[in-house]
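Look at the two complexes coming up: subunit A is in both, with subunit B in one and subunit C in the other.
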Partner chain A sequence: MFKSVLYKEWIKTKWYVIGICVVSILLHAYMFMKLGRSIRFAGMVHLWDVIINKDQFIFREIKLFPLISGIVLGIAQFVPEIYQKRLKLALHLPLPSFRIISWNVLYGAITLALVYVISIAILITYIRLYFAIEFVESAFLTILPWYLAGIVSYFLVAWICLEPRWNRRIINTIISIPILCTYMITALPAAYSSCVILILSIAIVVMFFVYISVIRFKDGK
Partner chain B sequence: MNIIECNNLTHYYGDRCIYENLNFSVEQGKIVGLLGKNGTGKTTTINILNGFLKPQSGNCKIFGEDSSSLSPEAKSKIGLLIEGHVQYAFMNIEQIEKYYSAFFPDWKREAYYELMSKLKVTPKQKLSKMSCGQRSQVALGLILAQNPELLILDDFSMGLDPGYRLLFVDYLKEYATAENKTVFVTSHIIQDMERLIDELIILDYGKILVQESVGEFMETHKSYESLEKAFIGLTGKY
Partner chain C sequence: MVNSKIMKKLIVIVVFMTTMILSWILPDLYKTATDEAPEYPLSFYSSVADKFCSFVFTDDDFYRTDVDGNRFTQQQFDSLLPMIYTNQLVYDGKMPKKVRGVDVDLQKIRISNFSYRYKPKAYQKPSIKLYPLFESMSARVDLSTPDDVFRISDKIEFIDIESNTVNSEKSVQYNKALYNSGFSGPAKRIAGIPSARKNYDEGYFIIDSNNALFHMKCVNGKPFIRNVNIDKSINIECFEATDYPNRESYGFLFDSSGQMYVLTTEGYNLQKLGIPPIDMKNTVVTVMANMFFWNVMVKVNNSKTTYAIDARTKKYVDSIESINANIVYHWIENIFPFIIKLTSNNDEYIKPRFMTNYPVAFLFNIFFVLTYLCIFRRNRLSNKILPSLWICITGIYGFIACLLFKSDIN
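Moving on to the complex of A and B:
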């Protein structure tokens, strides 16, 4: 049955997932070409100066990609469910309601996680070719909150979309914006290193918000 | 044996009373029509029956279980047609059958494809590219393949031309009678109901006006030529 849910969600979102993958590839290609050009024209010494003395993260272009891809996938997956109240079809399946919803969001979370893990792996591998391990660690800690923001944005969009009432959707959106801003405050290298546990905890709490919307939908709010 | 039992059902939207202390039941093997003008609470009742709305007070039981918390076993015995024949429009005929078949162990693939063969559609045709009538047949075909004991159909005639309404009603009547299925159906097109139902419940604003068999109803109201005219006579034109 889980495979069947994955099948349905894949049919619904495949073009969006492919689009996210293509954007990811193009974005990484752009960043790598830009870095190669900087190395060729300005040299490694200048690059080190920018990274160490000016405290700049040289892959800032990636910052919005996880956030936007999470929002896009969330909209692609859950707007069709709420249109004509199609969510009723899923909730009528012979499974506990929370299980079917969990499977739905699991599809999106796994898909995003796969895309993100591959993206992070490519970026880290590329960085390792030119820089020391300390910089790789710093780069990972810099991009981690942005990728977490992608997962969080997906769960928040699910929470907003599945909410049955428009006024509550607006309230949910207003609550969501500062939550997402928490992950996007700065592009300074490893700025979040002291609060990784906190941003992970927020992400875990947000994952459960979607069930509030489902309970409200089932109560006919 | 009653498949559906609603006791003292009361529901309000804000200050507006939909109904108070509504009581009705549906016996096994019967085709029962819930009739009423727009806004009398037909869809509200369907939503309560399927656990998509909590009534202010009272309760509904389906297969003896509270409708607000139906078990997966009970849900597998209920075929639901949502108003407007809502289905996953992004899927095609084959995909949607494959998707649903995984959830129902007693899935009857041939029942679905038999009905699909009556439509002028290709297996790869998306539901979003079909007419309302064709989509209604896909939704009905999926319910027939599910082979449920109880069929709950909300306003099945919505958006259908007379040809598709007739096809829907005849196919459903034949199936329900042959397989001894219980059907609970709402519609505001009374002509269709006359061909289909055994019993009727007429809802007026806030209450049940009539609950009896179609035969008894027509006997009581024999001055009217048809069920439709009796319904209008009873509830008023507007």
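Moving on to the complex of A and C:
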């Protein structure tokens, strides 16, 4: 049954997942080309000057990619469930409803996590080729909140989409926006270094919000 | 039944998170809507009149005065502060030849005037601990950025920027010099000006693991390293390098109590500034120095004290205290029992900072509890106990959160 649910979700979202992967590849290629151009035109010494003296993170273009990809995958996966009334059907399968929903959400979260891990790995490997380990650590701490925002945005979209009532969807959206904002406040390198555990904890807690919508859906609220 | 239990736990989490989010968003929106720029009198110690002269800002105007309450015109004020309005006095042909018995001219004044600002934000921020070491005696007017950066952990390592590899030869050379001077790794703090846009280079000042201060620079391609031999009773917290044209100081040093010193270029002599210790995490210090007096402005929260200290001895001369004249108190602020701020004016980190306002706000909290009980008077008492307690603690935030999720709470 688990494989069937995964297959169903894959059929539904494959073009979106492929699209996210393609955008990720193109974005990385663009950032690396841009860095190469900066090195050719201004040299590594100038780049270091920018990094050390101006506190600039040179891969800022990646900032919105995780957030947007999380929202896109969430919408692609859960909007059809509501509009084509598939959720009702899924919850009537001979399996505990929480398990079905967990599999659905895990599919999306793991897919996103895979794309993000590969994206982070490529970025970090590339950075390590040109820069010292201190910059790699700083870069990782800078992008970590943005990628976590991607996962969180996916969970929040699931929470909003599966909610049966429109007024409550609006409330959920109003609460979701500042939650996501907490991950995107600044692009200053490593600014989140003293609250990594907190932003990880929020991501874990938000994961369970979708069950509220499912219970409300089942209760016919 | 199982669903209902899970739902209750989940709703508790959602209400908690909503409350926390509101305690960040609502005060922030309120501040954005009502915030006013602070207005402090701007005071300088007059080297002519030997007293503080100030610009005092009123609602839509300002006037010039001194500590005795005398009012001055622009021209009179220029003459009282010749070290501040030098250009204007020279332009008007009114610049005195001597001030305090010392011959002065534009060149002399320009060289000895400097301003320095200590901001907690500069001290408390994430940074990449790699530093370029400039050639201090390059024989060129402009400094050029080196093609390597160094790190100091247990040993010093130079990393070639182009190849991203350690320059072993240079690293060994500097390690030898550093440890021969008595350095003990790892470095607690490294202070310098890592930019080529500076007047001259004096390398870096390094606080080692024993809290000793070392001066390291590159002179003619060779390491220059000196133990500054700071008095062991001074527990060094922070050093801020400077590059003022008069070349009289290497920078400012702060000890763990917040006492401020200046490290002079005359035999690394450490001079204590005649101002009280500051809270380094919340205080902005501005030094506006001239040939005769340093005006040290210490700003903390809504008050600013300007100290006049003797430029030669760094001893206290006089001080004047002022309060932000533009504090607008709105009673409605008491509606917030606590505030969460994710950013701060005093550091560059994103993290939650809690500020409480309980004694006054508690009355509002009670009001919100009563309102909640009134709205849901027909609901079962058992369903109202927990929300009421939560509103009692969190006030308006908890009240809004409970209203938003009322259908699941009740």
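Quick note on the criterion: the second predicted complex is superposed on the first by the 220 of 221 C-alpha atoms of A that agree within 3 Å, B and C clash if a C-alpha of one lies under 4 Å from a C-alpha of the other, contacts with A are read in each partner's own complex, and residues count from 1 in each chain.
By definition in this document, a contact is a pair of C-beta atoms (placed from the backbone, for glycine too) under 8 Å apart; a residue touches a chain by one contact, two chains touch by 3 or more.
Since the structure is predicted, the reported quantities are computational estimates derived from the model, not experimental observations.
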Room on subunit A for both subunit B and subunit C (clash or fit): fit
Contacts of A:Ile18 with subunit B and subunit C, given as first, second, both or neither: neither
Subunit B versus subunit C as contact partner of A:Ala29, first or second or both or neither: neither
Residue contacts with subunit A in the superposition, subunit B compared against subunit C: C
Touching partner for A:Leu200 - first (subunit B), second (subunit C), both, neither: neither
Partner chain in contact with A:Pro80 - subunit B first, subunit C second, else both or neither: first
Touching partner for A:Lys218 - first (subunit B), second (subunit C), both, neither: both
Three-chain overlay, vertex subunit A: subunit B-subunit C angle, C-alpha, nearest 10 degrees: 140
Partner chain in contact with A:Tyr130 - subunit B first, subunit C second, else both or neither: second
Lowest C-alpha to C-alpha distance for subunit C against subunit B (Å): 9
Common interface residues of subunit A - those touching subunit B in one complex and subunit C in the other: 218-219
Subunit A residues within the subunit B interface of the complex: 1, 3-4, 7-8, 11-12, 80, 84-86, 88-89, 91-96, 217-220
Contact set on subunit C toward subunit A in their complex: 3, 6-7, 10-11, 13-14, 17-18, 21, 24-25, 125-132, 145-147, 149, 151, 159, 161-162, 164, 194-196, 342-343, 348-352, 404-405, 407-408
Residues of subunit A defined as touching subunit C within the complex: 44-46, 48-49, 51-53, 55, 129-132, 134-135, 138, 141, 145, 168, 171, 175, 178-179, 182, 185-186, 188-195, 198, 202, 205-206, 208-209, 211-212, 215-216, 218-219, 221
Residue ranges of subunit B in contact with subunit A within the complex: 47, 50-54, 68, 72-73, 75-76, 78, 80, 82, 84, 86-91, 95, 98-99, 102-104
